[in-house]
Structure formats: structure tokens, C-alpha cells
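Okay, so here's the structure we're looking at.
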Amino acid sequence: MSVKQEKLIVNGKRPDGRKLDEMREIEAKAGVIERADGSGFFRLGNTIAVAAVYGPKELHPKHLLDPVRAYVKCRYNMAPFSTTERIRPGPSRRSTEISKVIKSALSSVLFLEEYPETGIEIFIEVLQADASTRCVGLNAASIALADAGVPMKDLVASCAAGKVEGQIVLDVAGEEDCEGEVDLPIAYVPRKNEIYLLQMDGIVKKEELKKALDMAIKGCKVIYDKQKQALKCEYKEVKAK
Amino acid sequence: MITEIGTEYVKNMIKAGKRFDDRGFEDLRELKIERGYVQNAEGSAMVTLGETKILVGVKMKVGEPFPDSPNEGVLMVNAELGPIASPDFESGPPDPQSVELARVVDRGIRESKAINTESLCMEPGEKVWTVCVDIHVLNDDGNLIDASSIGAIAALLDAKVPELNEDGTMNRENMKKKLEISQIPVACTIHKIAGKMVLDPNLREESAVEGRLTVTSMDSEKLCAMQKGGECGFTPEEVYKAIDISIKKGGEIRKKHFGA
Amino acid sequence: MSVKQEKLIVNGKRPDGRKLDEMREIEAKAGVIERADGSGFFRLGNTIAVAAVYGPKELHPKHLLDPVRAYVKCRYNMAPFSTTERIRPGPSRRSTEISKVIKSALSSVLFLEEYPETGIEIFIEVLQADASTRCVGLNAASIALADAGVPMKDLVASCAAGKVEGQIVLDVAGEEDCEGEVDLPIAYVPRKNEIYLLQMDGIVKKEELKKALDMAIKGCKVIYDKQKQALKCEYKEVKAK
Amino acid sequence: MITEIGTEYVKNMIKAGKRFDDRGFEDLRELKIERGYVQNAEGSAMVTLGETKILVGVKMKVGEPFPDSPNEGVLMVNAELGPIASPDFESGPPDPQSVELARVVDRGIRESKAINTESLCMEPGEKVWTVCVDIHVLNDDGNLIDASSIGAIAALLDAKVPELNEDGTMNRENMKKKLEISQIPVACTIHKIAGKMVLDPNLREESAVEGRLTVTSMDSEKLCAMQKGGECGFTPEEVYKAIDISIKKGGEIRKKHFGA
Amino acid sequence: MSVKQEKLIVNGKRPDGRKLDEMREIEAKAGVIERADGSGFFRLGNTIAVAAVYGPKELHPKHLLDPVRAYVKCRYNMAPFSTTERIRPGPSRRSTEISKVIKSALSSVLFLEEYPETGIEIFIEVLQADASTRCVGLNAASIALADAGVPMKDLVASCAAGKVEGQIVLDVAGEEDCEGEVDLPIAYVPRKNEIYLLQMDGIVKKEELKKALDMAIKGCKVIYDKQKQALKCEYKEVKAK
Amino acid sequence: MITEIGTEYVKNMIKAGKRFDDRGFEDLRELKIERGYVQNAEGSAMVTLGETKILVGVKMKVGEPFPDSPNEGVLMVNAELGPIASPDFESGPPDPQSVELARVVDRGIRESKAINTESLCMEPGEKVWTVCVDIHVLNDDGNLIDASSIGAIAALLDAKVPELNEDGTMNRENMKKKLEISQIPVACTIHKIAGKMVLDPNLREESAVEGRLTVTSMDSEKLCAMQKGGECGFTPEEVYKAIDISIKKGGEIRKKHFGA
């Protein structure tokens, strides 16, 4: 709306001082919601999410249950006060879609066949939003699943790359988010070298996309290590008690 | 799921004068209030009461006044006892517990006249601020009403009023004006377990609660809201005793956490 | 909105001529809705409600049913034309809360353990509203439960006290309602001397509250007698048939 | 729940020419209309037809006209066959029976042009009266359509139009102007039980109804609405016979209860 | 709204050149929705509907099922783009009522007792609307039921008569629809000479109604033949494969 | 219902390099596009892809712009995977599959800037055209995303913009102005079955799909949207391969069916 004359990226430095392939600060914790069977907290700069996992457990209505594997329920939700404009409580089309892609990504790494006729519930709450809320929510949920002791092939890590002023950058945020030309959030498992969530918006050439995907994968590897660390801390704390 | 056996166990403990964490019947769990938790909110507070965790956010938006109070801003309190905090959650219309929670907190703030609603009027009959207080329960370990009430007033005290740009959009960058809050209503709920009056039960204790009475006090003299819940009755004498305890506890909380 | 110069209460007389501790006219009837298992009608001045009780009976969905006691369903509803401004049909937050507190108050006096795995449904319709609709609805429902033959410890009676122009008064209504400073609806069982519903709005001192509570309790006793009478009439009519 | 045996019993009675209360097939149960039942409504009528009890209220509100009829007020008919009257009620979107009930009554009033909608226009294209007719079923002992239709026109005849204050708010204190009603449409429904045509069944009889045909008449000549329900068919001859009966009964009701 | 001076009907000719008792062009097909157990397509002038039938089949929730006959579910729906003004997706009061009357009319000719504890689902989509959508939808559904092999007493045919400028006409459409004084849609089975759906709007004299009903019945007979033909074609095609 | 045995059968076929209709893995089924199917829509297209049938309609309505883009018309894409096409349909809030379908198609159109939204502004900040694209699935025989994406752009290319009469009502009689469409985004989805990459599966094949990747391309160089679905992962190399296939197929479709 307003006429912006100044460039966002100057000499390879971004508005908040980061380099093009630099992520925002990360904070990860496990076991933040005591009532849940497992829980996780993830912060990426100013984007904050918590997640809780309940199950495997009984679920209603019965006819939804699957006789050969656990039924996964996943709800991504933004707190009404998490954004500049208040969000009306309740599911939106946007949150319905995000819940669906996160559910698929997380289901990829679960041994669901081990728990037929049960339900696993994953609830994600975005408490503060500054871009990449689906990635941050997914990261928190991944920690929560591990914390709940649900058998997993591996942790899933998620982050986004984008294009700002024609340049491919990692983890778009703040002012960049409004001006961003492309957004590419992915979820990735380093050990398998596989992508489980991938969405892309915006006009991009094939080569740019490759560059962005590479960058996002590198970001996921950093996040993956932070998730591991959070779970180790939790484990140590439990042992220490 | 809490079993019958579980509630019997709690009742027997209470009868024997004991609680899980060796508190006295009128002791609260540790209370922490972290104001300004959410940057995008005009005001916010993360309240931790034992293991109960509630995040309250305040958002301001431009709206119309109600026809019968054209010079006053609007207060809206909403509670989401969402699935993250309660595994038996079902999506659908707001469940009665969330609605009661929001309305009890709402009445405490509204009836105490804590918010100067006239200061929220921009153009009489046309344009006023709507103050949205959203109670977001993150972990339910009991006594949500008291924790939410404390969180709501803390978040309101943290809240600032945005400036309006000339084109009517909001300017949130430079918020200097604080929301005017003149009272600090605090809800304190008396719970009856095995006939005893107990404060601040955790979730296990709550499963054995037979009745409860919430009293929202403004100071050592004045109340502004009450709400009875649960099936067990209170004699008039029990009501008076509950009021006394609540006023006392409310005063302690106001002093310790709100410097009032 | 309009500037009211005149006092509402003059020489201890209220706008409709009542004394401070005087209730409006009461009319109570049982057996007004033939199809229901039990029903009641209650009028307090211009506030009118009817209630119907169905059950104990089968209920769906099954997993809601309680293996150790009857499941009570309670719905308080205002007819769209019962107030000055038309009310949109369907539950509101206000009616949801009132349904909840009425349900608790009535459950207090029912022997629910005698009917495990069943449901008892209580439906209250406010036909005309002039203050104290929750009390009048509860009084009608209490009659309806007795009329249905659901075993009860006792009848529950309900009325409200309030504060108008600084004075504690019984059964606020009409003009007083708009100007009322405090509203204190309660539900009470005389024989047990116990309060089962209690809500309070408005700034009040401890001593004032005591005075108001005393007054409301006296009001409940009057109502309790009217309820008993209504049930006796019904019983006589049945015998006379 | 009405059992198969119950409906067989009713069919056998009807075949034998009998009804529960010794009425003839074309006799209505006792009909009482109590106008002005609800003070807060602009018009109202409590209708008792045997043990069927329906309260109809009319509320007026200020609204906008439809774009294709800028000079006309708006009619809205709503029916709540709520839980009080029907134990198998489930909350949720309006059930088809309530919707049909409301729409059949609505068409009777609308198509007969009973309401002078042009008299309800205050500012063409901008401000008109919306007439809300709410049908509130209190006890369902059968034949809701006919009872509701009678209640709706009775409540409309009882209705007054509020004055508007200068500030646009409504003045309900001093309502002198009556709502202009020029026609008295009356619905009369013919029910087929065991092949016979029966009027005004009670709930037990209704359980055995195989098909029904509602005819809303304006006078001895003119119809304004019809609605067939149920699975049993009507031959053209049966339709004509049904129309004759309905016109006759409608005339009787108009004469006895509406002095028309 | 606009002042129309010209007459719609001139010398017994209607705006689109039809005679008073002439129907619009008909197109009928069976088997247009491959996934369904049965399906039908029906076009009457510019009104187009398709219908699909699934079942008899299992249905949830179980307690809805009827132990003595099949449970019929019927949904009439208009595509959002089928009318001049876009229609919001989802059921309306109008579509709820029409679904109900179509369901009754179709149930009349089904041997539901042969399939207790099952469900038969009938879904009708109006793709383009130029009057008589309920008739056209019912005609498509009737074909769909036969195509699904659900045992039927007979096909149901549906069309409407009306009154335009004081004259009784068959199959009101286009400009006539806005100016129409009376609308009389019916559904009819020629062999039984019985009417299964009948609705009427507008002021009409008894004699006019008889004339309109006669005309509509004649229309239904024409439609009935087209439905039969469509099913024969389908059958031939299947044999030819 | 598709059984486990059914999906095993499909996987074995695919492993053996076969498909039901003898297509190659990268072959589409026969594609037909019938534009202008619905007279009352401003634009429409009936798409048949094998036995998958989708009708897309475009309706224009007058609305307000979003506050942050006051000079631009609004695009709305809605999908109804209604009961006619899917027997397991339950009424209620939009199901996730319909929502995803609509949003993937929406992003393809929106991000490619196919519609010149500024040409849809009538009065900045006040009055703009809202373009409603409704995807109506009539028969689901697999690959709804690709078929819907093709249908949507075909319907938009068919669409005309109504004139506004002086009184603000729409004139649909004489629509000469075409909706300005500058790009032809085409979605092409790569499906993994038994580890192979397969295009355009029918419903039986779809039951065995382990993962899918939709790539919406604008030309041989540029993409505008991607969406992964399903639980099976894609390595980065597989993603690149999928992009290549999609760009190639998208180009073929654009050439053959859109003359571009």
C-alpha cells in the first residue's frame, strides 16, 4: 500500500540483520503441557507454537476408527490474539488445509499399524505469528509426538525458504513476509532425505526453486538438531528428578 | 478419565485434612504472571497457577457501540477451553464450560467497571473501540476460573490503545496510551470437597468437588460478581464464610501481584 | 438513555406499588403439556415460563450415557417474541450458561443414581420476559420434574433480590430492571436450608449482600408453597377424573 | 415411540368409521384462540386445538426491503417445533418438519396477499417494516399445520405497528396503528388414513396417516396455497374432493373465529 | 420493477412461441454418473438437473436405520452458478422443503420394506435453473432410481402448470416465470392415476385449479414416456457393449 | 469401499508397468472441455477427464475490495465435492478434501496473476467485482485436482463481465466485455504408486497412491504453485523430476486445449 522506496536487502543483509541463508533464533522444549501424553514448544524468532499429543487412545464415533491402523486427528489453530488483526475462533478454510498437510507429514513417520482401532490426537496452537506458523507448529508437534512416546521412524523438521526482491532467502519473516514473492515451506527428514510437506506459492523459475529447496533442506537440518536437543534435555530432566 | 475410586481417594485425603502437595485448605498453588507474552496482542499475560497454564490476550478493534450505550466502548470476553488442554474436546458449538468460564470472567470485569468504557468512544454512536479478551487455556490442572480471572485483568492492565491513522487504519507501532483500568476485580472460588471448603484444587482434586462458589471482589468491602456451580448446596452461613475467605484471598492477590 | 429525574422508589413504594420485600403475583400450574411425562407453568408478574420433562428414557448417542447415574439434559430457551427486541432462535452464550446453572441446581435434588444409563430431559421455554426469567423457568421445571414423578429430595424454588437506588428489594421487575444496580438470583430448598443456584452481578457490600440473600430466601419460601399447591391441585384433578 | 401395532389399531378404528373421541371424520377438535397472550409481542395468539397448543408471536422490526420490491415490507415466518413439544428433538440445523410447517404457513399468508406490504414501507428502497411471525409449538397432539395457520393469521390480526421515535428507535408504548390485514387465509389439511379422508387427527391418529393434502382457502371460491405430504397418493378426484372439504371447513373457521 | 406494457401471451402464443399446453424441449438420459449405483439426467428447456442414487447400503449413524424398511435420504441442491444471482453453497430452507417433498414422492413408488436396516441415498443437483427445478430434479432422480435397479412400482414423472395473464398454461418458463400468478408443480404416476407431489402458490379459483391440474397431468404423461425411452436406450447400450 | 486387496492389486499392476486402460505412466485419460455449459453463469466449463466429470461455473458479483488492496477485484474459489460424487459424504463443515481442492486451484490462479484484478475495480476502496469460481464435482473417478484446475481456467477464459445499469443492478443481457485473463496456469499432479510416478490415476488407482505432488506451471520455465499430499515422501531428486514432467504435460495441455 505505502510506497516503499528503500530496499529490504542491502549488501546481502536482511532487515533484521540476517544473512540470506540464516535462520531466526530457535527455542525448542519438550514437556510443556503436563496434562498431555506428550507436548512440545517451538519458537522461531517471533513465531511461537505449542503442541500436545493425546493417545493412542479410544475415540468416538467408533465407525471412524480404522481396523488396520491408528486414526490420526490433527488440528492446527491460531490463537485469536496471535496476529495483528484478531482472528475469529474456530476453524477456517486456511486452518483446515494446514491441518491436513501437517497431518499427512506427521503420519509419514508414525508406525500407525501398531495401534489399530485407536486414535492419536495432535493439537497445535500458534500463540504468536510472524510467518512460517505451519512450520513452527509442525516442529512443536514433532517434539510432542516423540515426547508422548509414540513410535516414530524419525523426527520431522520443517522450515521455509522464499524469494525476496528476486533473491532466494531462508526463513522469510517480518517486513520481508509482506513483500515476499515466493513462499516454500517444507517438512523434511534428514536421515531419509525425504520431503513430507511441500507447498509453494508465487512465480518461480525451476532453477530458483531448486536453490530454495536446497536452502530449506539445510534449514530443516538445523531445526532437526534443535528438536533432538530439546528431547534430550527433557529426558535428562526426567532422569534427574 | 477420572474414576470413582480416584474421587473417593481425594475425598478421604481432604477429610483427613491433607492435600496432594501438603498445602493448607486455603492456600493457593504458586502463581506466576508473565505480562506482555504476545507481541501481536495489545496486551497479554501468561498465568501459571501450579501446572494450570492460561494465556490471555487482549486485542483492540474498531467497532460500533451498542444502540443503548452510544458513548461506550465494547467489552468482549471469549474463552477457548480447546482440545490442547482437554482431550475429550469435541468441535462444534462452544461447550457450556467454556461459555461459563468466559461469562464469569466477563461479569467480574464488566460489573466492577474496571474498564473506563467511555474513554473508548471515538465518535458517539458511530465508532468505538471493542476490547476483545481471549482466554486461551493451554494446560488444565484445575481452577480455571480463578486463573482466567487473574489473567484477564493482568492482560488488560498490560494493554495499550492503538492510534488511528488518518485513513482509519490502526497504527500499532507507536502505542503509548494505556488502556484505562480503574479496578482490579479478582475471582476466588471456594470448592466443597467432602464438605470442606478448599481453595485452588488441582485437576485430581477438582474431580471430587461437590460444589463451588466463585466470589469476585474489588476490595476488602465490595463484591462485583458471584457464581455458584456444581450440585452440592451451600447454606447461607457457608455463603457468608465463602465471601469472607474470597475477599481475604482476593486482597492478598491484589497486593502481591498487582501492587494494589 | 433518557434523562430520568424522578425517583423509582418513593416512601418505600415501588413503581408498581409493591413494598420493598414484596413479590409480584404468582401463578403456578402442573400438567400443562400433555405429551410430556411432566410439565409445569409458572408466572411471576409478567414473566411466564413453561417446562416439560421427558424421561428417564433412552438417549443417543450412547457413549454420553453414564453407567452410574442418569444423564440430565437441560435447555433454557426464550421464545423469539418474549422480549421487546425479537430474539433469534437457537442457543446463545447467555442461554447456554443459564441452562448449565439450572441443570446443576435441579440435579442437586434428583436421585440420579436410581436411573443409570438413562437420560432425563428438561426443557424450559420462557414465553414472556420481565426480569427473573431463569428463576421463573427453574420454578416451572421443578414443578415439571415432580409432575413427571421423577424421585426428588424436594422441590427447588427460585427468586431474585436486587438493589435499586441503593435499597435492597425483592423481585426486581419492570422499570426497576433497567436501573437495577445489583441482581442476585438464587435457588433454594427450604427444608435443607441450602442454596443450589446463586449468581450475582453488580457492586455490593458484604452487608448488603447478606440482606439481599435473606430477602431472596424468604421469597423462595413463598414460591415453594405455591409450587406445592400447584402439584396438589393437579393431583386432586387427576383423582377427580 | 409409536409402534406398528398402534398404527394398525388406528387404521382399524378408522375403517370401522370410528375415532378416539367419537368425532366424525370431518369434525375438528375444540378450537380456542386467545389473542394478545404475550405483552412484549406486537401481536400474539395462543391456539388450542384439542390438546395441540401453539403460541404464535408477531414482532416488528425495522429492516431493508428486498432489492426487487423496494416499496414493500418483508414477511418472515419461522416455526420452532422445539424439544418441549417433541421428545425426539435434536439440536442442529432446522429439521425438515419445522421448515415445511413454516413455509406452508408463510405461503398461505404471502400468496393470499393478506398483509398490505406496501403499507409497511417507510422509505422506498431503504427502510421498511419486517414482520416476524414466530410459531412456537408447545404441545404437539397432531395437525400442527392447520393450528399454526390459524394461529398465524390470528396473531397478525392482533398485531399493531409501533411508532418510530425521531432518533429512529421504536416506540412500543403507544401503539395505535393496527397492522393492515385484508384476507383471512385458513389452511385445512385432509389426511388419508386407511383410505379415508379425515380432518384434524390427533397424534395417535397422525401416526397412521398415509398421505395428506393441505389446502389454504381465502373464501368459498379462491385458494391461495396447497401442499401435499406423506407417501400415499391422491387421485385427481380425491384432490378435488379435498379442496371442497377444505373450502367448507375454512369458511366455517373464518365465520366462527374471525367473524368473516 | 420495470413497467411492462406488452402482453406476454398474444394470440395463444407464448414468449418462446409455445402454445398454452405445450411443454419445452425435453432431454432425458440414464447412467451419466458412473460412480453412482444409478443416475439420471433431465433437461426441460433451460432447466437441467442430474441425480445419483447410492444404495441400498449401510448407513451411519446406526440408530437412524429403520428395522422394517429402508431409510431414504434425499438432497435437492442447486449449483451455486445455476441461477442469475449466485447461490451460497449449503442447504437453505427452500432446499430443505423441496428435498422433503421429493423424498415423499419418490418413496411412494419404492418397495422400501424389501430393504430393512439399509439406506437409499438420492442426490439431485440442479445445474441450470429456468423454473420447475424441483420437477426436473425429480424426473432425473426417478430415472436414477430405475437405473440403480431399486425395485419400483413405477416411474414418477413431474411437471408444473401455472397461470399467466389469467390463462392456464403448461410448464411456465423464462419471462413468464417472473410474471406468473400461480405455480402448480405435481408429480404423477400415469398407470395408477395418482399424484405424489403437489404444491400450489398463488390465488386461483377451483375451476382454474382443475384445468391446471389436468394440464399438468397431461404433461407428466409426456415426460413419463421420455423417461422410459431414456432407460431403454441405456439398457440397449449396455447390451451392445 | 476400496479394500486392502484392491490396493495391493493396483500396486502389483503398476510394479509390472501396467495400467487398467493400457496407458503409459505419463499418459492422461481423454480430456474434453465443453465451455459455456451453463447459461446463467458468466462463464462455465464442463471438464471430462476419463470418467471424472467436473462442472466449473464463474459468477460475478459486486462487492467491496479487501482493505489492503483497495484497487483490486476479489477472487473466490470454492469446491463442492458433494454427495452426488462421493457416497461417503456427510453434511456439515466443508471437508478437508474439498477445502484443499479449492485452495490448490485458487493458488494456481491467484499466484500466476492470471486474472487482471485491477481491471475489476469500479470505485477504489468501494466497489469491485468479486469473481466466484465454483467447482462442482459430478463424478469422481480420480485426479480431481488436475481436472478442477483445467476446468477453472477454462471457465474463466469463457467468462464475461456484466454491465452495470445506472441504478447499480447488473445487466447480464448484453455482456460483451470478456474477463481479462493473461496466464493459463495448469496443475499437473504426480502420483507415487508402488514407488513409480504415475499421472492421472483413476479412482481405483488413486486408492493405492502413496503420495502426490501437484505442480502448477505457467509455461516451460515458470511455476506458480506446488502442493504435496499423501504420506509418502519425495526425495529432492524426485521433486525435480516431478517438476519436469509437470511442466511438460502442462505445456501439452495448454497447447492442445487452450491454443497457447
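Going in written order, the chains are labelled A, B, C, D, E and F, and every chain counts its residues from 1.
Just so it is clear, a contact is a pair of C-beta atoms (placed from the backbone, for glycine too) under 8 Å apart; a residue touches a chain by one contact, two chains touch by 3 or more.
From a predicted model like this one, the values you see are computed outputs, not experimental measurements.
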Taking each chain's centre as the mean of its CA atoms, the one lying farthest from the centre of chain A is chain D
In terms of mean CA position, the chain most removed from chain C is F
Whole-Å distance, C-alpha centre of chain A to that of chain F, is 27
Note: chain B sits from chain A at a C-alpha centroid distance in Å of 31
Cα centroid separation, chain A vs chain E, in Å, comes to 51
The positions of chain C in contact with two or more other chains are 61, 91
Residue numbers in chain F touching two or more further chains are none
Chain A contacts chain F in the complex at 1, 68, 91, 93-94, 96-97, 99-101, 104, 107-108, 184, 189, 192-206, 209-210, 213-214, 217
Per the touch rule above, chain F residues touching chain A in the complex are 4, 68, 93-94, 96-97, 99-100, 102-103, 107, 111-113, 213, 218, 221-236, 239-240, 243-244, 247
Within the complex, chain A is touched by chain C residues 61, 63
Interface with chain C, chain D side, in the complex: residues 37-41, 44, 51, 53, 55, 57-59, 61, 78, 80, 82-85, 87, 91, 132, 134, 136, 138-141, 172, 203
In the complex, chain C touches chain D at residues 32-36, 46, 50-52, 54, 57, 75, 77, 79-86, 89, 91, 121, 123-125, 127-130
